[in-house]
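In the part that follows, the structures are each spelled out as structure tokens.
What follows is subunit A paired twice: with subunit B in the first complex and subunit C in the second.
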Partner chain A sequence: MILLLLKRIGFMLFTMVVVSIILFLLLETGLTGDPATRVLGNFASDQQKEMWRDQHGYNQPTMVRYAKWLGNFATGNLGTSIRYKGPVKEVLLPRLWNTAILGFWTFAIMIPLSLILGVLSGMKEGSILDRTISVTGILTTSVPEFASAVFFSALFVFGLKWLPGTSSMAGGFEFQQLILPAMVLVVYDFGYVARMTRASMAEVMTSQYIRSAVLKGLPYRQVIIKHALRNALIAPFTVIMLQINWLLSGVIVVEFFFAYKGFGALLLEASLNNDIALLEACAMVAVVVAVSSQTIADIGYTFLNPRIRFS
Partner chain B sequence: MTTQSKTQMPSVGVGAAILRVIKSFGLLRESWVGMIGVFLVLFWVIVAIFAPLIAQFDPNAAIQPFAKPGVVAASGSTFWLGTDHLGRDILSRIVWGSRTVLLYAPLATLSAYTVGILMGLMAGYRGGLVDDILSRISDIILSFPVLVLYIIVIATIGASGMNIVIAITFASSPGIMRIVRGLVLDLRNRDYVAAAQTRGESDWRIMLFEILPNARGPLIVDACLRLGYVIITIGVLGFLGLGLPPPDPDWGGMVNETRQMAMVFPHMTLFPCIAISSLILGFNLLADGLREISLRD
Partner chain C sequence: MNDDQEPILICKDLCISYYTRAGEIPAVVDFSLTVKPGETIGIVGESGCGKSTVAMAIMQYMGANGGIKSGSITFKGRDLTTLSEDELRSIRGSEISMIYQEPFASLNPSLKISTQLIEVPLAHENISKDEAYKRSVTMLMDVKLPDPERIMESYPHQLSGGQQQRVVIAMGLLSHPSLLLLDEPTTALDVTVEAGIVKLIGDISKKFGTSQIYISHNLGLILETCDRVFVMYSGEVVEEGTINSLFTWPKHPYTHGLFSCIPLPTADKNVAPLKPIQGQLPLPFERPTGCYFGPRCDHFQQGLCDKEHFKMEHVDGSAPDHRVRCLRYKDIDNTLQIAPEEAKESLEIGRRVLNVDGMKKYYDVKDTSFMAMISGKRVRHVKANEELNFTAHESETVAIVGESGCGKSTFAKVLMGLETGTDGEIRHNGKDISDIEVRDRTTKQIRSLQMVFQNPFDTLNPSHSIGGQISRVIRQFGIETDKQKIFDRVMTLLDTVKLPRDFYFRKPRQLSGGQKQRIGIARAFAGNPSIVIADEPVSALDVSVAAAVTELLMDIQREHKTTLLFISHDLSVVRYLSDRIVVMYLGHILERGSTEEIFAPPYHPYTEALLSAVPIADPEVTKRKIVLEGNLPSAMNPPEGCPFCTRCHRKIGDICENVPPPDQVVVDRHVIKCHIPIEELRKVAPVIRVPEASERLHKKQEGVQT
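This part shows the complex of A and B:
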């Protein structure tokens, strides 16, 4: 058990290091174009570029630079943003907080919704309710986030005039502005989680121990709640944890669309403006969050599943 | 004689496999969900093929800005879906845009599948160190949030059709590899594989002609789903301004260019969104229908 834990954490650290090497090679070396040109633009003279390289230590050997770069990252020195003319850390932290709020509400709505729908359709596979839920799931998963954002805006903002169309929170935090972004994310993702829950539930429902519970005359409600759900909800736990990875992609589109001042919009802005230090920091944060949530999912799964826990 | 039979064998195998695939699509008639999917996909394929005949206007020509749907142009043709802020006919742009999507999405999927299948076959059949290395690489790539990966790759190699194909191949072949690997692990201990090994067939021959055709079922379903995802990706990249360079029509890009005016001119954004959603829905329903049929046998 402890060995497994250490293995998982070891792999997590290994992944982060490899990812940092990939990021460094892509953004900081000449592999995909000169970084000096990327920062200074196409019209900078060779002399200017040389000066810039010298100033920012680009003329040192690649290995040395990588070690320094990683060291800076590990000690929390994320560099300066060109666009915001300030330390990346100060730009990044409030944005991360905003995205955390959005993510929290998205999950707070999506998890109960998709679990209930998944369990309901998995209870009786092939029933009309099951078919309706799964076709609805396919339908909502087929609409890309930007398209559902357009549809919802057309309906709730321009049509019914219930909700504000942008979520920049310019006049302080307003819960109303959070509704549309969260709704778009929930609608896109709940179908997938519901489908996974359904598969898990359906598998449990065909197992021998449920059959014997039904046959010995237990009330159906008790069979579902006490016997089936315990096993059926182990797999969705992993699926939900993995949705954090997906959410990091989803927030980019949604925050860009609704002008929400979050982390996803910042990452996109950094990439469109060639703000390399900011882009690196955002990408590293995204990967760290993604990899840690995967590790937690794996470890949590072993804890929840007695068959693995006691072996 | 022996050389002849050797050269004929694969062609017969491939022919039969294709025939079986067509037959399984024929079975789709039994699933109404699958039939709707086929209809939606075929609709857009036909639109893409006959784009020059359907589109009344040049998709990049600025004719009459801010026309509402149904306005008649000076030339006598109607802007059925209106025009955008630059005066380009939206219907023509959607029609020509279907070509872009239906060119790059299958191309990217095919390329990802080629890489993913080769990696999966190697990892599953050879096992050992090859498997370890390939699996670790794919674990690492899959641990990236997808869109973050796309943004970084596109930001560094630039936005163009070919680069989108490269980025999608890079990001989705590990997922395909995992599926193929799992299927191969199941299939490689079958009798017909052992028979081929005793016949002295080469590893690649066994992988490509004995194992792969038998793994096709789940792969076809996954390919349909993945085509849907790839279309979403291309649309999202276009929407984020990282897609194909303007002015050629691209559904995601159309939404990006006009979304600031959506309040006054909702038609500019609504129609491209309906177009892309219906095509993705088509592939997803098709995948669902195919899965239902494959479970039935």
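This part shows the complex of A and C:
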């Protein structure tokens, strides 16, 4: 068990190093164009560029530069943002926090909702409840976020005038402004998780051990809660962990639409403005989150499934 | 069993149907059955005959599309078909319990055994958790599981198949039900484990007075466990009676056909060939009018058998409950089944083609546990084959017998070149092939060593036609290159395996299991191989189909003078078709010799136990009962001395545990690996006895030369 843990963590670090090398090669070397041009713009003279390179240590050997670059990252020195004219850290952290809040509320509503509906629908495959839930799931998942964002805005902002149309939080944190983005995300992602849960539950319900639990004379409720649920939740668990990545960087559309100052929007701005330091920091944060959530998923999976835990 | 007592279960005129888009499919028709307290009823039949449907109907667990169309199931005076879900729940598990075919699938993989056991009494009785726990431990002891406390704390995957089935049986008995339904409870288990479970099932009815309904496809097992038997065919009972009357004088042609399909442990392939039932089981909506068995029956009479569906009737001059669904049973003399000209000439054994000399196969296993990392022993060996020595000649059938995990399939893999041997030699026609991988072998070598696989359902590519798949083999082997000639060759092969020629254009999904296995045989024989390895070729097939495939395999062998290596766990089939037998256990050959030598003393103690475990479908043949205790030891950590010492019933002392036993030569080519002197082993009484006096049995054996 300890060994498994160490192995997983080792693998996680390895993945991060590999990604950092790719990132470094893409952004900090001449592989995809001159970094000096990228920062100073097309109209800078060769002399200016050479001076910039010298100042920022770009004339040193690549290996040395990579080592320094990685060292800076590890010690929390993320560099300076060109666009925001300040340390990357100060720009990044509040944005990350905002996304965390949005992600938390989306999860808090979406996970219980989709698990409960998925289980209910998988319990009796082909029932009216199952069909209703399945069809709703497909419908909401197949409507893209920008469409549902427009639709919800039209309904709640312009029609009913219940909610504010932007979520920039200009006057401090306001929960009301969080409702619309969260709602769009929940509606979009709910169908996916619910359908995974449904498939897993339906498979478990046809298994022989459920039959033997029923034929033991156990009450139906006990068959579901004690015998079916635990086995049915193993597969969706991995899917749920994958949604964390999506919430971090995959929600650019929603953040942009509602002018929500989140991580995704920041990533977009950074890449539009050739803000190398900010872009690197954002990418590394995304990688760290992705790899650690997968590691947690793997470890959690072994806890849910005794066949792996005791083999 | 007491005749005066009220029956506890009465099924009356039961008709069960499944409703699909194609319409109503009658699964069981006109089924009647009574079970008295303490009685064990057997239901026997091939797959698709509706025997499991009956069990599920008794449990009232039919699924969404199944339903009872007419008739009643009365359990202790209450009609189960009219009960509410709540009332059913109070009966399920407490009054009627069920044991299933696959113990592993029927236990919840993520709950401890203790959780799964104690919930049964907790659901049905008003007792405390402690009491339920105590009762579960006692029950585990009753089903002869060693160390019940440890089992309680285990998860299902940590137990062996036999242990799992014992747990399921314990689970079924926890609330002392009055009826136990057993649906093929031993089919997924090894023979020696099966023998233990069968003994346990017999003890249960004695100890708890539980009535049982035992469903099986194996007539031998039914004979060993049941009091009365029902033979089902295509959804209806065709014959019922006590074990004695039905097994001694079967009346229905189908029952008789089933008996002719299973080899007696005394019969020989040349003297009394198996007589397969012609044709195949009709699909439920293709059943003929009149007798469902009509199209396959040798005694079918037009105008009589195909007129209308008829009822069961009592057999004249037999026991009162011996009934049969046949209009012509009085006219049929079943002793006149085998025509004398069908007896086949025995084959002449030719030159030696295979010589296995000291062959070893070790697998390296990386140990990733923390302890192994510290101690530095990272690589451990799994000794799959240890010092194999035997020979095979042209036209000879050599059977390799042993339970799962004995290394028989590993040997086949090395022979085929899918693995390479660790040490020793396998000489095929004088050339060592043990360390040549299959991709390094010449076409000729590959062609002359072919294999028939166990599971015909998975070995054919579902998206190619049958003809295409066989043609490909012919082209690969370089036998023919011309398109027309390849086509002709496929046609000849289809004729050889007795399949219609238009199967060339069919896809595998359009074929039944037996037909697929015939294609598998055609594929193996496409290049006139000198050795064919048949790895349990018929164990996935129904009895009547298996008999036909076995006969076919032997006919082709006869024709081509092929050496057949027949890997099997079924000793009655092995006895029937092989010339020589190799008994394997945990990678070692414990005994080898000719078939007669293996089946008569002196035996190796393991051979003795294997013979005793073979279910025999004849009430007059008697057997000595030897039930092996314990599980097969792990191949990672085998005993130091004799591999069999942990389960041996004739262990003579410490020498067995510490010193590897010597190969003792009884006569030429009959070798026993054991510490017990041959003289001692000679004194052991035969396991299987056929009474000299039985006229019926000897008639069967000799055909009807008389």
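Throughout what follows, the second predicted complex is superposed on the first by the 311 of 311 C-alpha atoms of A that agree within 3 Å, B and C clash if a C-alpha of one lies under 4 Å from a C-alpha of the other, contacts with A are read in each partner's own complex, and residues count from 1 in each chain.
Quick note on the criterion: a residue touches a chain if its C-beta (ideal position, glycine included) is under 8 Å from a C-beta of that chain, and two chains touch if they have at least 3 such contacts.
Owing to the predicted nature of the structure, the values given are computational and were not obtained by experimental measurement.
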Subunit B versus subunit C as contact partner of A:256, first or second or both or neither: first
Partner chain in contact with A:305 - subunit B first, subunit C second, else both or neither: second
Residue contacts on subunit A - larger count, subunit B or subunit C: B
Touched partner set for A:294, first subunit B, second subunit C, both or neither: first
Touching partner for A:218 - first (subunit B), second (subunit C), both, neither: second
Shared subunit A surface residues [contacts with subunit B and with subunit C]: none
Subunit A - residues contacting subunit C, complex: 2-3, 126, 207-209, 211-220, 222, 226-227, 230-231, 234, 304-307, 310-311
Subunit A-facing residues of subunit C, complex: 59, 61, 64, 85, 89-94, 97-98, 100, 102, 105-111, 115, 119-120, 123-124, 155, 157-158, 168, 171, 368-370, 373
Contact set on subunit A toward subunit B in their complex: 11, 15, 18-19, 23, 26-27, 32-33, 134-135, 138-139, 141-147, 150-151, 153-154, 157-158, 165, 245-246, 248-250, 252-253, 256-257, 267-268, 271-272, 274, 279, 282-283, 286-287, 290-291, 294
Contact footprint of subunit A on subunit B as seen in their complex: 33, 139-140, 143-148, 151-157, 228, 232, 235-236, 239-242, 252, 255, 259, 262-263, 266, 269-270, 273-274, 276-277, 280-281, 284-285, 288
